[in-house]
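One structure is given below, represented as structure tokens, and several questions about it will come after.
As written, the chain order gives the labels A, B, C and D, with residue 1 at the start of each chain.
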Amino acid sequence: MNDLPFLDLTLFLPLVGALVMVLIPKRWEALLRLAALVVTTATFVASLGVLASFESGTPGFQQVTELSWIPEWGIGYITGVDGVSLWMIMLTTFLMPLCILTSWTIKTQVKPYFILLLTLETGMLGVFSSLDMFLFYVFWEAVLVPMYFLIGMWGHGRRVYAAMKFFLFTLAGSLFMLLSILYLYFASQGSAAAPTFDYRSLVGTPLALEVQILLFLGFFASFAVKVPLVPLHTWLPDAHTEAPTAGSVMLAAVLLKMGAYGLIRFGIAFFPDAARLLAPAIIALAIVGILYGALIAIVQHDVKRLVAYSSVAHLGFVVLGLFVGTIQGMSGGILQMLNHGLSTGALFLLVGALYDRRHTREISEFGGLARSVPVLAGIFLIVVLSSLGLPGLNGFAGEFLVLLATYQSYGWWVIPATFGIVLAAIYLLWAYQRVFHGAVSIEANRNLEDFRMREYVMFVPLVALIVAIGVYPKPFLERIEPSAKQIVRQLNDASVIPETRGLAEAP
Amino acid sequence: MTEVAPGYYLALAGLMFSIGVIGALVRRNAIVIFMFIELMLNAVNLMFVTFSRIRGSVDGQILVFFVLVVAAAEAVVGLAIILVIVRRRSSANVDDVSLLRW
Amino acid sequence: MIALIIFGAVFVFALGCSIAMLFAKNAVHTALFLVGSQVALAVAFLLQGAHFVAAVQIIIYAGAIMVLFLFVVMLLGVDRSEVLVEPLPAQRQLALALGALLAAGITYIALTSVDLIGADRTQDLAAINRNPGNVLAVARTLFSRYLLGFEATSVLLVAAIVGVMVLARRVDSVTALGAEAPSSEEREVA
Amino acid sequence: MMGVQGEVAAGFEPVLAPLIIGLPLAGAVVLLIFGKRIGRLSGVLACGTIGLAAVAGLLNFIALLGAPEESRSTTQHLFDFISVGRFQTGVDLLLDPLSLVMVMVVTGVGTLIHVYSIGYMHGDPRYPRFFAYLNLFASFMLLLVLADNLLLLYVGWEGVGLCSYLLIGFWFDRPSAAAAAKKAFLVNRIGDFAFLIGMFVLFGAIGSLTIGQINEAAGALSAGVATTAALLLFAGATGKSAQIPLYVWLPDAMEGPTPVSALIHAATMVTAGVYMVARFSPVFEASGGTALTVVGVIGAATALWAALMACTEYDIKRVLAYSTISQLGYMFLALGVGAYSIAVFHLVTHAFFKGLLFLGAGAVMHALDGNTDMRHMGGLRRPMPIVGYTFMAGWLAITGVIPFAGFWSKDAILAAAWVEGNYVLWGVGVFTTLLTAFYMSRLYLRVFEGPLRTPEGTHAHDAPLTMAIALVPLGVLSVAGGVINLPGLLTLEHFLEPVVGESLAPEGALAFILSGIALVVAVAGIMLARSIYMASGAEARRARFVRPMAPLVNGARHKFYVDEIYGRLIVLPGKRFALFCADVLDRRGIDGIVNGTATLIGRTSQGLRHIQTGYVRNYAATFLLGVVAVFSFLILRVVAG
């Protein structure tokens, strides 16, 4: 099945689509919307090709494309996919058409909006598929720009503040990463070899422990902001809340995953010794994040803000899983990345649907909506349940594995982490109760339109996936597992410290 | 004719240069400031000549020419600028030209 | 001995004129004192065997450039006495202190310069002045080793001339160019 | 490591076992999606699916009975569930005597209640949705009891919690119903939190979550680990089965439609905790007594505590709710003294009579336009005889009058406590029997006996056909349900022995003495109730009776302020802390640092820009300063050599 370079096709289809859309006059809004939908759907189809060609059971990179780009500096165009990135790519391409659909209600500046969304997609896919650090960094930063404009131009109330905050936080983090990348680049200069940005050659670069810790912290600064880990999270509620629906979805579902993905791909793989050493501290931060995000979510009165804080808590689970150092934790963490993308993405889409109907996000403005919009309420409930980790829906599989692994490696640390699921139930169900249950107290809520065809098209596949992962997670887990296993082995056993290298590799 | 040690000439040049600096900082009339700048350039010229003597070659004297040319060009352009300023504001006081600030 | 006396006279006169410049309230007086110090410097050049430069100093500096200065002073009618009250806080004190420091530093370096630079080769210059002669030596050096710089100065002068012509055009012709002149005027007023 | 995925251990051949879960699940999915179009037929469809599931369960039950005793346990692998590395779980069904008894109870009572609901929910605008939820509940409950591993059991465990949430909040327009639903889910979540950790502990210690392997390896666990795991699992059970301290959700759960109260909050879901403890009895045994003591004490305390509150409650459904808590307490008492099979026995009989009582109460409400206050009722047996007589059967069963079902099971529990030597628990149990008899008689007598009284504007009528169809069989079972454990026949106890082991029973005359005491106490309770509610001069007697215990009665009437105490001690500080985190820590603290940095830089720049005076001479002076500085540096270097 390797006849077609599906991965690269997936990667560049949106960009090409965006370029073509530049040519469409901006008055033809319907055509622009349709074009965006067609492009993203085609991208999704192309990514299905990636999924179909993916061989489960092998840990390494597959479908690798290698082209030379700036050979003088060891920069190449290298893309590939493995069990870690596969589902992130699928998640991105899957959610993008839904984001386009939910953006049907965008009325201002339609053309640049969709072009930015498509550019954003290429950027995100690039982050997940680059195997060259230079290329990776280019994509990483390229994601910032469209998102900045999406928040700043089509956002709500305090959009400019939020966009600026988002931009500055992320940029400040990634500068440290750039320094680390450059150090690695020069450190890779062996006696014979020229320095390179090739990820596969950089893994295992021998580094002293102190250097590792510094470089790890450099990467960590960037990824921890993106994830976000407490206390670097305060950009998130603002950005998520003020962004337009599609922006919130992409932020929560994909951009946050870029941070977690980076932690796995670079943090752990490049600096296993540092990661091992710092794991307890990171885990402590993750647990604090779980509880802190959940606690704050409880008292939010803005639905979107609530969901945003719930992301902080959920990503805490992800990071927890990545660093506990067992295969269950790693797999669970990666699966949880996918799950959070689906659940929180769906939540934001639903909040967007509510916003389209009532033009408010204040919980107190709602009440009794289950009477007027029963289908929306039902879907919302399923997504809420998935988000609070009900067994049988997707959220549970990931959280369970993570917590199980936490107990195995860290014993009673699991108690505060597990308490997070109680808090999740509190904030989600309380909010659900206030929005959908009770009597209709505000007249505007009485006669709202329930789901339209467009919304059915959006939510049916989402809900189907949520249930499918929850009931039968095997197809997902078995593609993740080999890669997860390899990374866990790196985290636990491998050492890139020159002196101890021989020792560590001995059985 | 040449018994006086070059150091004294340099000292003279240095003192004149310093006076030029002080004058350029203290005076407010733009043209006068220019004059002090000319004074500084002159002091430098003296130094060049002295160095020429110390090194026993005429290269230092050549540099005086270049300084001269630059001084001439600078004086001409500077005076023209002052001319324009005075036309607009009818004052050659440099403290009056302080718009570019916080 | 004579040279020492002459140098002493030059030293006193040049410094005297310079200090007088500082205290002259009238721009015309300042210019005249500057001319005085320049003449004194010309003498110092002569004393050091730079005959041609001394002549140029008198002709171009004390002559042409200073005339230009005086001309502008007269043209603009800014030969009124300057108010000697210093509006900027600490400006005068700072200038004096820093100037004194600078003077002390340069003087110190100057008086120990020979030690720094090495042998005093005044005799070599005297030899050149005798044969082939100061003017010829200057001309040869200028038109051979410094030819490129020399040509570059001509470009500089042309640029200066063009610049001055543009700057010095009358205001009414500036306003004739476009409507932006009044607006810039307004901005200044604001 | 036997019992690898997919292999069927030596056992009987299951008959269409997946259908037991699959049918109700399919019914639920169809009703959820197409419910509106199916409309009136939803009820029939739902009853059909659960009925067929009951048939499938019965077929398996017969197959099991046909197998020799040592091969009465079999597992069926359906597909893999969450499996990573060493952690392997599958969707596997375990069919053994215990699970099939539970299947029979769930499907049997479930079917009757489904049928009952056709009548009860008649005319509700969300009629199809109700049956969808009910079917969904049945499938999760069956998954719970059939699960072969702890994880799958947990899936069912939370699933029934979800359905409970949905059904309590079925009339979500009422804020009280919505709040009760949320409360039920959250309190259960707290229990589940402990349950989940218990699961981790077990997996950490044993390396498997399969029931068979856990129970097999439990004996080898250290007492500490076993106690920890057992207590954590039990904490989960206190949530689901409404024991102290997590019982508070169950009385509020009566906001749901009455069939829900009957099915979920009396007959099946709340007994899941009992089932689970019985299921993992080896783990509890392995803790060396500690865990079981805790279970027994909590059970007895809950039984007494809830009975006290039931005595003063006026809402008929709430009385039944407290009674359920109390009866569940009995079951845990039984578990605590190691009489697992007897606990299951009581579970079964309780499912019969409590289901019946709730359905009867529902029929009364149905007849009286939803009124539940017993002070407005009286003498209803005459206008609604079917309900009245079946309710009477339930009443006698729960009070423990021979030969009704409740007598046999409750008596066995008390006897087991005595034989175990746990006289305190026995004493509490006997006293609770008195209270039970008292409050149930108070309920029955006030509602169905005496002069006819109905709330204003209502007209009592007997239960419609569909409701009667459910009431009558349950009534019969309440009368004769005890037969399944009559000594000498094929008894339930003996049937369950391969799974949960033997329960202690008294020998000889002791058995009759103990039974006699229980019976006498029960009758005394009934007489007491009669004397202060029914007999002539009851009012005055009641006043005299209550006066010495005024504080107690008053406290019980306010539910001993437990909700308020939880609110003050846990909810309020929690909320304050959350607000503190949100408003102070997050906004002023962390975000304050961020914005503060920005503000600081801004302010500094504001200050620094004043350096830009616009006076060229200032700039020149600054420039000179730099020149002099550099120059001085050079000179100093020269001077220093």
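Things worth noting here:
To be clear about the criterion, contacts are C-beta pairs under 8 Å (C-beta built on N, C-alpha and C of every residue); 3 or more make two chains touch, one makes a residue touch a chain.
Treat the numbers as computed from the prediction; the structure is a model and nothing was measured.
Chain pair with the larger contact count among B-C and A-D is B-C, by C-beta pairs in contact. Centres computed as Cα averages put subunit B at a distance of 4 Å from subunit C. Inter-chain centre distance (subunit A to subunit B, centres taken as mean C-alpha positions): 66 Å. Chain centres here are Cα averages; for subunit A and subunit D they lie 37 Å apart. Centres computed as Cα averages put subunit B at a distance of 97 Å from subunit D. Residue numbers of subunit B whose C-beta contacts span two or more other chains: 21, 25, 28, 95, 99.
For subunit C, the set of residues that touch two or more other chains comprises 88, 91, 94-95, 98-99, 102, 105, 109.
For subunit A, no residue reaches two or more other chains under the stated contact definition. By the contact rule set out at the top, the touching chain pairs are A-D, B-C, B-D, C-D. Every residue of subunit A that touches subunit D in the complex is listed here, in rising order: 165, 169, 230-231, 233-234, 292, 295-296, 298-300, 326-328, 331-332, 368, 370-371, 378, 385, 390-392, 396-397, 400-401, 403-404, 407-408, 414-415, 418-419, 421-422, 425-426, 429-430, 433, 436-439, 472-474, 477, 481, 484-485. Against subunit D, the residues of subunit B that register as touching in their complex are 21, 24-25, 28, 94-95, 97-102.
On the side of subunit D, the complex with subunit B involves touching residues 609-610, 612-617, 620-621, 624.
Within the complex formed with subunit D, the subunit C residues making contact are 88, 91, 94-95, 98-99, 101-102, 105, 108-109, 116.
Residue ranges on subunit D touching subunit A, taken from their complex, read 32, 79-87, 151, 154-155, 157-159, 162, 165, 169, 172-175, 177-179, 181-182, 185-186, 189-190, 192-193, 196-197, 199-201, 203-204, 575, 577-579, 581-582, 586, 590-591, 594.
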